[in-house]
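Following this message is one structure expressed as structure tokens.
Chains here go by letter, A, B and C, matching the order in which they are written, and residues are numbered from 1 within each.
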Amino acid sequence: MLDAVLSQSLTRLVVSTRGRRFHDITADVEERVAQAGVRTGLCTLHLQHTSASLLIQENADPDVRRDFETFFSRLVPDGAPMFVHTVEGDDDMAAHVRTALTTVNLSVPIADGHLALGTWQGIYLWEHRQSAHRRTLVIHILGE
Amino acid sequence: MLDAVLSQSLTRLVVSTRGRRFHDITADVEERVAQAGVRTGLCTLHLQHTSASLLIQENADPDVRRDFETFFSRLVPDGAPMFVHTVEGDDDMAAHVRTALTTVNLSVPIADGHLALGTWQGIYLWEHRQSAHRRTLVIHILGE
Amino acid sequence: MLDAVLSQSLTRLVVSTRGRRFHDITADVEERVAQAGVRTGLCTLHLQHTSASLLIQENADPDVRRDFETFFSRLVPDGAPMFVHTVEGDDDMAAHVRTALTTVNLSVPIADGHLALGTWQGIYLWEHRQSAHRRTLVIHILGE
């Protein structure tokens, strides 16, 4: 166990999305980790929305992101007749379900001053609404 | 970074469910945060079960919860012939799968003495069994 | 609130998988908690891969794991014609989607020196590729 005194920081990150797609936020989160000056610790991201989500996935091949979109669009079709909640548009209830099937919060350890992600992992904000939105993440960083 | 000494608390929350539906536990968790006296920190919830889950979702429109139920009931039908594990009833294996597709633990930052949830976010315990159950959450609060 | 000084540890756990199946890592994680000497705290697991995932599920009945495999194999079929990303084999894109539908990180509180899991809960590394792989987890333990 490490004996140094732990400290924490809490910041916000605002992402302007361009509609339904993956937005790579890895570099933005890394920047917050660097600013916090933590070498060893834990970084928790919480997205304050119910129709966009967080996903750690392959950062190399754009086909992977395209296939994700294809799969989820078929699994949870926009405007599916089963949905009652349609006041905010055909894509709204589908966006809620897609969010629930993925997640709105993540905790990633920090090692040697960086997020302890695997070689092929990136952190994505996945916008599930068709139109552009302004999304806010709360970032909690703890460590020493 | 904040320099004050961090402390932690660990408590349990028992929820008596009324069968398959969403149970809003936001106020119960907020109460634990207030009791811990933490202004800035991190709150982690862990549900100690395999047939109920935790979900952060829209807290405004009951139609959203109804549509979630509809979607998941079709995606993972109770008593689906593909399932072998049926000793505890038709809804048991479906409950396990629904739990895996969502989650049993969540970490939400604490800001200004409150969970840093978005305006439209509530924390729900989603009971996936048809009958009422007594469910236990472990709540870890860390901060200053 | 507990006033003792918090400390943290960061270790790695390597799991050699035997292809697509559940690998119970509960005892390995418990061993790390014991080594860290933490009685009360929080344990966060992060899996550094995009085609295997972490799952807390029923540890008693092997039929549950078999049914999980059946369900996910039908929901996300290997080699589905909708997928474009096929360079690494028929099971690769399916493995990414299965990972996204579950999770790569988990945070479980520590109580009385043990993971605060429910009686029926085990922690599994779920290998989604057909062939054996070497998978690395980063384990962050915090507490006193």
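Everything that follows uses one rule, which is that a residue touches a chain if its C-beta (ideal position, glycine included) is under 8 Å from a C-beta of that chain, and two chains touch if they have at least 3 such contacts.
None of the values given here were measured: they were computed from a predicted structure.
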item: Turn needed to bring subunit A onto subunit B - CA fit, degrees, nearest 5; value: 120
item: Self-contact between copies subunit B and subunit C, residue sets same or different by half; value: different
item: Between subunit C and subunit B, distance of the C-alpha-averaged centres to the nearest whole Å; value: 19
item: Residue list for subunit B, restricted to those that touch at least two other chains; value: 5-6, 75, 101, 103, 107, 142
item: Complex interface listing, subunit C residues touching subunit B; value: 1-3, 5-6, 40-42, 55-58, 61, 63-64, 66-68, 70-71, 74-75, 101-103, 106-109, 111, 116-121, 142-144
item: Subunit C-facing residues of subunit B, complex; value: 5-10, 36-38, 44, 46-50, 75-76, 80, 82-85, 87, 93, 96-97, 99-101, 103-105, 107, 136, 138-140, 142
